[in-house]
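The data blocks that follow each hold one structure.
One chain, subunit A, links the two complexes that follow: it is found with subunit B in the first and with subunit C in the second.
And then the complex of A and B:
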């Protein structure tokens, strides 16, 4: 580490936006490379969405282990400054340096105004992550119903510290479900909602199936899919489920139910099995909508202008950014709200802010962003030292001329 | 699968396929085969529903299967599938393009490749107009006057269309055209029959119904608008979005009365056209009976207060009302799906026919010679409607009826149900 650390002047500063697993990785890696790093997180806790997961796939280990390792590395770093419960309200760019205006926020009451502080840095890593696609947006497909839940809600129910001890129950009867359905691509790959594939929902569903079938011996599950997309080695997850498939407890149905219809005591899912051309209308105790990832910077999630307006002090002369942006940075977003990185700007993007990805890929993406940021800082330092050298040369020449 | 006896020339084939894709829209190939469209469709059968398989066949270029598919005619073009398609692949436009292609194929005619678009759109009305102007010129040479004003009519107005175009001439032109159209449509229906016939011998179980009762049931459902009764999006997708959370997007995506306009417009149009056809038949019979010297015969023009005349005028206004409904429906649907230009042209043609007919009548009553010119335009447009019928959306009169009749004969007419009380099997 020392070999790299001497390359940077102590003033080289990096800011990381977002304290999820990706931002945390990026901040720790950057600090270990000798850069003084500031980690800015809007919530009062680190860990982001990963904290709310029941387990990682494919190993099904608890999510705390990865976070604990990172926290241990974080503790050893004196160059890393944490800004928890802090949000970015302003941004300015001058002479290659970024000036971030930060404001401590009260998560309970966003309207409480507090003091502003400024942070000057040389590069910024954006690791703002994602938000779950809201079930309310699928109301016309019948997803707003007590017997319908999203995969993130199920994740919460499955975690050991969930409300029912890791076993989901029907909210009306309080009994464990006997028949459950998963509807894949709920909101994803749909031009009416998000046209991108969220990349993790299929694997997550396979993981959920395994956890549920292990814990509930009477449960039967149907998975309605367009096509199962399990990138990398994750398809092994499905192979691990083949025993349940042979036992008839798990079925994969190539169908897309357009609506969940309340029927008697359950939910019925009218659909066409596209392999057989047969019309299906099975009934279920619980229907899980495998909702996808919407980038946090998505234009759909822009808060109303009034709520986003920071409480600036009277007579504020500093930069005031367009409040329509959910993050006041000069970023290029694609139509879905994913960041299109421009390295020359010194703003680097990582994790689910770039594209939907699973936890392992997010960690790698965070580290990769640090590598790009290091290269950028190094080039700038080279250029600055060359400019400094020529300046000294010129003054020396002028001095000679004078003499 | 029967092998085509003679392979079509590659050029013709590719131009057909290209035209089909162009009509269906560039998004048609974005289909992911999720199968949502067939479930949304209120008419789709419970076994191998449409339009998913048609989307697949289109993408694969399975022309032969598409030719043998009666299901394209079972779609009533309500557009629910296009509204809810996750890929924006617009299955309703694909079905409409397939129907237009089927009309071209079943009715035959010149290949459309290389023809300018305006010629295809307005060629027939222009041809009709040219024909009637030619007849006008011939009559001018015969009578020696542009506007043969006749003073001796019982109608004091002094304008008599029969003096310019004798009834016999009109009947000859239109009856010959109608005969040709009937032959072409008959050949098309025969081709449909050949294409749809199942291979081998079919064993029918259960009670037999007579072909006549099946045909009657098809016509009854079609003419009464019963078919469209199921095409209500509100019944497929209930209002579950609270009003305050509704965005403008949602409001745009569910045009409130497109289905209502379609049903109402179709019923009004059909009823008024039937009435007008009956009136025309009655007038023709009266004319020819008069020539044969039968005492009860009558001559045109009928007095304005004659019940037949009153009914005919009423039908003209009903026609306008129906056209207005269909026009409104087109505008509501256009917001979220592609519509073929043929439909708009057909509506414009109908508007032109109705308005020119009414205007000719009013000008005649006012005694203005301009009535002859407007009447000529009216005749030209009516002729264009008749002559172009086998290739226009109106050909569905025969082709959809035949397809519905066919599936009724072969027992493929029972759609699945959405309702909570459905007796669909529960595994």
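And then the complex of A and C:
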């Protein structure tokens, strides 16, 4: 066997929605497997959410490194067509193929609409990713304050290209903070907001602590947490900080401050230590809310009119599904807006559109979705060739009958 | 080697001047087009036909990410079916405003250092001269790109004569079964090898329910038997039980696997799904002899077999106090293994949290009359992500007691097991509680099966198949976050708990991801193309064996085991293992290796392509920068996009610092350059290099080169290696200027003056 091309129909086409790390990986790998692939990204740039990260845990390596390799691979793929600054505006399904209606969007002016184009494909991978949970939703907890910021905002401040050269400062004084607090599970594991754990915030906070403590020798950090969840080998993140813990520059406090209270020159965090029962009320220069992930297709981000029912399987009893107006696909979404895959209809889902996950898992999820999509394309090819074969057989038999 | 390349200057404001420069430098050899934008495929076809072009160079002023698919590198397919080498190059802009001021100030500082006797007035360059020098640098970037293009040799693909797309899966547990189904679903043929007599692995002993799909809050059937049936009945999957892999030879697409029963099988790639092995309790002191204390895996098996009576069972997820005791008691010889086991235990915490929660719940459901049937004592639950929903639901179960606290000590006697713990929320003495259990269940440390390098060594190859196992506590994990299946052995990947302790849902997804990586590697091998990260590159190292001295340095330094010594003592190349990093070229002291253009001549031609008219007019000191194309070169381009062309450096991208032959440095220092700056990925513990450890290798070679430089009367400080990450564009100009100032302090290079 020289190639695996015969395993799939030569015209088999895959569309990938979302050019973040997950979708980009999926598209590049699918094209390298010989499948004609279209990568559709709404923004004018590839890389999605990871572009705004200062570094990846656990190695603290720059996201641009992996993106660089992926885009270099992309540039060598003649089977991959890139649609940047393009949105999906329409969808139709006929004879087992999907027809996507695409529209180029003007990044400067969303109101400017341009001509539509259509793309016919056999399978779609949804890799629409996530949005940061908005700090504004935690206004009742005092999170909307100049001395409060979200972990994604901190990520930007820690980036070497950030506004203060990678070192955060107090916005009022312009000086580096001496005491900082992280509040974990801000919006996550919270029945009022998101019932899920966002999977990455604990590891991200440990990464932030390391970057901050390395860069600011006078800084003390307190981390308020419920559980410190570092699955798999990520436990090493905490280990790497033990020197700072011993030096008293970093404390992990099992407490959940409900509210941040402005207090003189800083923010005070009243809380109760759930292990010792002790009452805490420390004050800080900056408070970082470790806000989690909300899927991009979350119903919270959609106008109420968008909750129309799409064409669902007959008799669907599911608990789910406001339809995402921003993505006119017959998707099943759960209450939080996570996508449930519909493998049987050629709609595959990957990355943080499915459940919260870190970068390595998103990459893996993208690759796994391509494998499932290839399986789907092969089964269809198989079915088509079986149908073709029985057609030939029938014709031959008819020929004999005529004779 | 191209005879008539077409050079397309795209949206370059100084297109006219550049065209004139190209014409005077390269004479009639190249056809130059100065255009406003990228030509359409039709226009390009017309140009190709009219001028008989045989290679293309697309030169842009700004870094454009999205070349349309018809301009995919490294070849352009002409309508007449010929394939033209296609290169692209981005010219740095000219510095202006503050950038020019900065560059001029640095230029001034250096020139004063460089020619101290000339007196500040006569030696000092003007800002106009700095700008002029930057213009030279910009033009030279173009000339160097043309020289690179002209040095290209035609690529002869080396597809495998016969290639197999059969996937060999080692391990018939949950991961192996999922991989077999995924691969067979794509139409591949599969050989599944299981060392025990039954399929299913550790999943056989799990309660038959687990949350592994939306909505993630309720247990769904495991369906292991169905899965095993499906695999056994699939005509494209062959299952062999009771054997292990004994030896593996060949290369991706053409491996020969010898099993422990002596049978030999051809396969195209190998998936390591060997999972984990049961841990013993001997790591924790005093517990190994107590019959009422079990590990979670052991407990699960007995529970599954109906050998657990109705009793109060305590599950303990965190054993830190016990571990501390064990560490205190361990002898010096025992310590390394114990520490490794404890690290594996940490890595397994998420699996233990979910697994013990599920077991505790299963116990509570089997013995509903017993109150409480099971207690789960934890210091923390690592159930990240969507599984929080399952945790939340389990908390409401009436026969299951969850308690947060820290276990202090365990005492076992005839009455049962007494476990003292400090309950969370209560301070001081009040917080100490005791719970009596009929049976105590401790977490599994889930060491990878084989505990170390799980595959046999490739015959004749110096290195083990997965060198990464030695780095990650025995797990076959990848060094790369963005490329979780990248290992040092092409066509061999790991998935499931062999890679990292993980839950069943995660194992299944991991299996699918690994299958894709292997499929991609097998396809590349069959076509004779490079795998990730240089996927699509067809150039393979060529050996001029007549001049080879059999020193075998290339064999020793190849990071991917792509070279072996043949019966005549000569290097034998396995193209499908090769990643085209060029390390062998860098290693060869006789310079008999080339990669279709990446050879001694290319380096020399690029170094000499610069158009400095006279030594006196040069901005001095002048340095050659050799930058790794993966990270350092893009960082350098980003820096130049912001600060403009640096007037005193000339930049040459290389595949990896490992691909830098030391003769290039000698050539540079004995021609026009005062120094050479090497920019590559950081080495060491968190190395980022995708080609082994190119920077470390280069550093070693530089060490050896120093002596021969001194013999020529050259200071070894004229060569410097600086680790440079992709995101360090902001600090690169300073780094370069600092090197140039060191060169200036060394004074003129004697070879340049001569």
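Here is the rule we go by: the second predicted complex is superposed on the first by the 370 of 403 C-alpha atoms of A that agree within 3 Å, B and C clash if a C-alpha of one lies under 4 Å from a C-alpha of the other, contacts with A are read in each partner's own complex, and residues count from 1 in each chain.
Everything below uses one rule, namely that contacts are C-beta pairs under 8 Å (C-beta built on N, C-alpha and C of every residue); 3 or more make two chains touch, one makes a residue touch a chain.
Source: prediction; values computed, not measured.
Colleague: Under the superposition described at the top, does placing subunit B and subunit C together on subunit A give a clash or a fit?
Modeller: With subunit A as the common anchor, subunit B and subunit C both fit in the superposed model.
Colleague: Looking at A:258 after the superposition, I want to know if it touches subunit B, subunit C, both of them or none. Which is it: first, second, both, neither?
Modeller: The answer is first: A:258 touches subunit B but not subunit C.
Colleague: Return first, second, both or neither, reflecting whether A:144 touches subunit B, subunit C, both chains, or no partner chain.
Modeller: So A:144 only meets subunit B here.
Colleague: Answer with first, second, both or neither: which of subunit B and subunit C does A:364 touch in the superposed model?
Modeller: Once the two structures are laid over each other on A, A:364 reaches subunit C alone.
Colleague: Between subunit B (first) and subunit C (second), which does A:33 come into contact with in this model arrangement: first, second, both, or neither?
Modeller: Once the two structures are laid over each other on A, A:33 reaches subunit C alone.
Colleague: Looking at A:385, would you say it contacts subunit B, subunit C, both, or neither? Reply first, second, both or neither.
Modeller: Neither subunit B nor subunit C is touched by A:385.
Colleague: With both complexes overlaid on chain A, does A:227 touch subunit B (first), subunit C (second), both or neither?
Modeller: A:227: touches subunit B and subunit C.
Colleague: What is the contact status of A:277 with respect to subunit B (first) and subunit C (second): first, second, both, or neither?
Modeller: It touches subunit B and subunit C both.
Colleague: After lining up the shared chain so the two structures overlap, which partner does A:192 touch, if you call subunit B first and subunit C second: first, second, both or neither?
Modeller: First partner only.
Colleague: Identify which of subunit B and subunit C touches the larger number of residues of subunit A.
Modeller: Of the two chains, more subunit A residues are contacted by C.
Colleague: Touching A:118, do we find subunit B (first), subunit C (second), both, or neither?
Modeller: neither
Colleague: Of all C-alpha distances between subunit B and subunit C after superposition, which is the least, in Å?
Modeller: Minimum over all C-alpha pairs: 5 Å.
Colleague: Let me check the overlay on chain A: which residues of subunit A are in contact with subunit B and also with subunit C?
Modeller: 189, 227, 254, 274, 277-278
Colleague: Provide the residue numbers of subunit B that touch subunit A in the complex, in ascending order.
Modeller: Going by the criterion above, the answer is residues 32-36, 38-40, 46-49, 52-53, 84-88, 236-237, 240-241, 245, 250, 253, 416, 418, 420, 422, 424-427.
Colleague: For subunit A, which residues are in contact with subunit B within the complex?
Modeller: Its residues touching subunit B are 136, 139-140, 142, 144, 185, 189-192, 226-227, 254-259, 261-264, 268, 270-274, 277-283.
Colleague: In their shared complex, at which residues does subunit C touch subunit A?
Modeller: Touching subunit A: residues 65-70, 72-74, 77, 88, 159, 163-165, 182, 185-188, 214-216, 343, 346-347, 349-350, 380-389, 392, 404, 424-427, 431, 472-473, 475, 477, 480-485, 500-502, 506, 509-513, 515-517, 519-520, 522-524, 526-527, 532-533, 535-537, 629-631, 634, 686, 688, 690, 725-728, 730-731 of subunit C.
Colleague: Of all residues in subunit A, which touch subunit C in the complex?
Modeller: 1-4, 7, 21, 25, 29, 32-34, 45-46, 55-56, 59-73, 75-82, 84, 159-161, 165, 188-189, 195-199, 202, 227-233, 235, 254, 274-278, 319-320, 334, 338, 340, 354-357, 359-361, 363-365, 367-372, 374-375, 378-379, 381-382
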